Amino acid sequence: MMTPPPRFSGDLAHLPTHGFGHRSLTWWGIIGFMLIEGTFFALTIAAYFYLMSQEQSWPPPPFPPPNLIAGTLFTLMMLVSEIPNTIIKKAAEEGKLREVRVLLLVMTAIGLALLVIRGFEFNSLNVKWYDNAYGSIIWALLLLHTTHILTDWGDTAVLTMLMHTRHGIEARRFIDVSENALYWRFVWIVWLPIYLLIYWLPRLA
Amino acid sequence: MRRLAPLVALLALGGCHGQQAVLGGGGRDDALFGGLWQIFLIVTIVFYLVVLAGLTWAVLRRREGGEAVVRTTFYIWVGVVSLTLVGLSIASWLVDRTMNRAAHTGLTVEITAHQWWWDVRYISPGHPDQTLRTSNELHLPVGVPVQVILNSADVIHSFWIPNISGKQDLIPGRNNDIVITPTRVGIYRSQCAEYCGLQHAHMAFDVTIEPLATFQQWWGDGLLPARAPATPEQKAGYAYVTTRECATCHNISGTPATGKVAPDLTHFASRATIGAGTFPMNRGHLYAWLADPQRAKPGNKMPEIGLEPDQLHAVAAYLESLK
Amino acid sequence: MTDLDPDLARDGPELTGEELHRRLTLAWRRPAGLYGWLSSTDHKEIGKRYIVTAFGFFLVAGVLALVMRTQLARPESGLITADRYNQIFTMHGTTMMFLFAVPVMEAVAIYVIPLMLGTRNMAFARLNAFSFWMYLFGGIMLWVAFALNVGPDAGWFAYTPLSGPEFSPGKRVDIWAQMITFTEVAGLAAAVVMATTILKQRAPGMTLAKMPLFAWSMLVVALMIIFALPAVALDSGMLISDRLVGTHFFNPYERGDALLWQHLFWFFGHPEVYIIFLPATGFISEMTATFSRRPVFAYPAVVLSLIATGLLAFGLWVHHMFATGLPRMGYAFYTAASMTVAIPTGIQIFCWVATIWLGRPVYRVPMLWVIGFIVTFVIGGLTGVMLASVPLDLQLHDTYFVVAHFHYVLIGGAVFPLLGATTYWFPKFTGRLMSEAWGKVAFALVFCGFHLTFFPMHITGMMGMPRRVYTYPAGMGWDTLNLISSIGAFILAAGFATFIVNALVCLRKGRVAGPDPWDAAGLEWATSSPPPVFNFPHIPAVASRTPLWDEGEGLPVMTGLRVDEREHLTTTVIEAIPSVREPSPHPTIWPLLSAIAIGVTFVASIFTPWALVVGLVPSAIALAIWFWPKNPTVPPEPTIE
């Protein structure tokens, strides 16, 4: 190629090969995902209010509101899970492999317990999805959130296995752990308004 | 004025005098609509010509420079476009508000749309025995505001008589209504304006606008029971229709045929069309319909009965007598 | 060539030119053969297959249009049955909107954007690959169903209750709804890839304020996709659920609402048309600048217009529902909002015309498409202003007037720019130029055919002809105008055919193009045509909006990226300061296998909801293997601090 020699204007060799937070490309992907899933939830919530606005009473008779026990237990457990979640995020950012390995096992166990409680929640809604639109929309809200618990649990389980292999020491894997913890935050934060809409609004409306 | 001639010609292309035409003229709000349409048409044409002129000049221009002029023009352009759009919004809103001013309606009609036919009920407040049920046709008195209540028995349809007013959807589970005031005597055509399935293209009805006295006469005649069969053939047809399949679905007042799920046939022969505007009302099309409705309008809810030729003649003769 | 240190792994003054090309090709190329092709993570290959597939869908959907126009050329023509016609118009709209219009814009961007930004690949290269396979599988599922007479027939927007279980029994609408799921997954994945690439992988010095206008339009569009597509995915999910497991979202007899469908659909549907239009405005900006020999007038105004359009687009959707009987005061707001969105579009039009006026325009074929766009799209925009008015809309809604309007904005406003952009970037994709002469013929046929087809529809609409009718009665006064439209359609088709043949022939026989055949300003023209697999030997740096015009032959470049491993550069979001040396994924078959697992799950779930549970397992396994790190082929390096 008969082109003139390039004009070198700077060097990149000193740059790191990875970074946490907004320096990580996958962090941006996770933010994108949160926006997408957040929009999904916002629209489902909008549909909930839309259907509710057409009713005189909510839930429409003869259905009683969902039982509080399973849902409240789930919510409390989710809030408590933020404690190990914060610790593991910090540990990952400091490269502490042993802490990360232990806490990942803890988070996997918590995720499993939450899925079990979620099963009880479905059973205690006091309405079926095919009964009427009220039933359909609260099942939809709960199901949508459950897919998040499920996929995040799957991610955590795979990550747990991964961190126990020789790949565990790679810097990039610590970034994965940190971002997984970030996504977990999204999963429980998004749960709070849904909890209120499924369990409390039918009691107050 | 002469320069406006091409513009008027353009407006005339809007099928000014059709029986199913937006600018056809026949409703109270014609002038309002026509005026608004003209405003929008003229404004948009002017803007288009301005853009074309600017583009042509830009293409042909040979000189360079002129950033300052362009910048000034830019601000003017944004200002003019914005103000124009504000003006158009206000004009539109004012027209809409005026069109929807409450009118004392002198008549209530309830229309229930079905997949691919129209059920029409004329309500006389306080006189339930005066309620007239017809199908696939609408008679209205000229100059009287009518409240048309819009229901659907199945999917979303849309009620639209272009000559008289804009459209309104008939949505199951929702109470919609529209107030229309026909202002010109004549016969117009209406067609369903929301895709409603297989035979959406064949879901129309005729609209007869007539003087009040004529309308009241028509209503009164409509309340009369069906004409008794006279000739032997008609009697045979009557026997078939009121005792066999037809009676399960169709209603003919004053006879044992009291089915509610299909068009009312009491005064069937006085309608202009068969099959909700699909075919003109004449013997040939009536025979074709009766012989095989599925061939005539595939997918419609009337099954092929399988009439023998003599039954066909009899039934047709009877139906033709139902004026 | 001097004896190079085998331990040296970075580009720089010691490693440049031919030797650098050789080493980078070794690092970035993929295995030859079918397996390699299926495993590709190269954005250029993915972009090309996306473009070819999208154009393929365009052609088949176009053939459906010709069939419809043949039927409608005469009243009561009887050529096609009602059932077949209803499938055809549904397939035409669905294919054009979901399988052509949005994907083709994404496709061109996938190829061009990394080159325009001066980087080596897109972010999340495997997700990029995955998104193509999901798109392809969704399209194939839809068309196989159509071929088997199980194609959807409820219209491209499938209003409930018509599309619900009671009135659309069978699998037709389920196929449609699940196709949405496929294309929405693909679109959302592509949007995340696009947004991240544009925000984080620009050339050093390419601040947001120096970014090409096409990149701005794709950034806005990626964000719009993220907020709009979930609405239709949710809607179609609710529909499948109503149809398959007995929910009552849209069933008014069990406290649901038929209009819920429309609200959710149009919340997606209105932004959707701007998702289609804004990339086209990006094309116009690029071509207008190049062929006017100057940057677009008032760059900040154009950027603000893109952003304003993107935001406003979300506040208009009720203008599709004026006839449904919602409160009138609410309608007034949507009229005002719908009018307002015309302002940023009007600003862009001014800026393009101003650029031509101020510049020294050269009328190569892409510029003809720009002119054609302005002349045509503006008509569609103006009929849109008419339809924004409630009294006017209540007459014109659901008539052929609307059909005319949206074809003017979609063909005039998106397809014309697309054909110009294809001609413009064809030399970059293929190394050859399309024929100028045949390009002009194609343009003339398309332009004349288009107006002949669609202008009369304004009139037939005003004469009362409703939409989506498989036939119409004689004696309505519609006959001649429909015949003219039908003749126009065949001329239009001839124009498209000429364009395609021109492209196919010039693939082999076109005039060979150098790196910058149009003497344009953007970074994509700073590398060879077609680009090497690694795009740029050294990462370029920029200091202006028009680097090639300002730096000429001496485009500054950065050194220091590894050449024995795939590496590209990420920079900061606003100032584009170099940030991290990011590895780029090697070719892998797992995006394809994941798409197959997930695709089969989606298709099977039309028949039973348990498919979701069963299909979860292979899908999860495929995804886990995808993400599982591979053993590095060269030892990882410690960070130099």
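A, B and C label the chains in the order they appear, each numbered from 1.
Keep in mind that, in the parts below, a residue touches a chain if its C-beta (ideal position, glycine included) is under 8 Å from a C-beta of that chain, and two chains touch if they have at least 3 such contacts.
Values in this document were obtained by computation on a predicted structure and should not be read as measured data.
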{"item": "Furthest chain, CA centroid comparison against chain B", "value": "A"}
{"item": "Innermost chain, taking as reference the mean of every protein Cα atom displayed", "value": "C"}
{"item": "Where chain A and chain B are represented by their mean Cα positions, the distance between them in whole Å", "value": "52"}
{"item": "Chain A and chain C: spacing of chain centres that average the CA atoms, whole Å", "value": "30"}
{"item": "Distance between the centres, which are taken as Cα means, of chain C and chain B, whole angstrom", "value": "39"}
{"item": "Touching two or more other chains - residues of chain C", "value": "257"}
{"item": "Residue list for chain A, restricted to those that touch at least two other chains", "value": "none"}
{"item": "Residue numbers on chain B that touch chain C, as the complex places them", "value": "13-15, 18, 20-24, 29, 32-33, 36-37, 40-41, 44, 47-48, 51-52, 54-55, 57-59, 61, 64-67, 70-71, 73-74, 77-78, 81-82, 85-86, 88-89, 91-93, 95-96, 99-100, 115, 150, 154-156, 158, 160, 162, 165-169, 171-174, 176-177, 189, 191-201, 277, 298-299"}
{"item": "Chain C residues touching chain B - in the complex, by the definition given at the top", "value": "81-83, 86, 154-155, 159, 161-162, 166-167, 252-253, 257-259, 297-298, 301, 323-325, 328, 331-332, 335-336, 339-340, 342-343, 346-347, 349-351, 353-354, 356-361, 371, 374-375, 378-379, 382-383, 385-386, 388-399, 459, 461-464, 466-473, 476-477"}
{"item": "Residues of chain C that touch chain A when the two form their complex", "value": "10, 12-13, 16-18, 123-124, 127, 188, 191-192, 195-196, 199-200, 204, 226-227, 229-231, 233-234, 238, 241-242, 245-249, 251, 254-257, 260, 263-264, 267, 528, 537-539, 541, 553-561, 567, 569-570, 573, 578-583, 620, 624, 627-629, 636-637, 639-641"}
{"item": "Interfacial residue positions of chain A with respect to chain C in the complex", "value": "1, 3-19, 22-25, 28-29, 32-33, 35-37, 39-40, 43-44, 47, 50-51, 54-55, 60, 129-137, 139-140, 154, 158, 162, 167, 170, 172-173"}
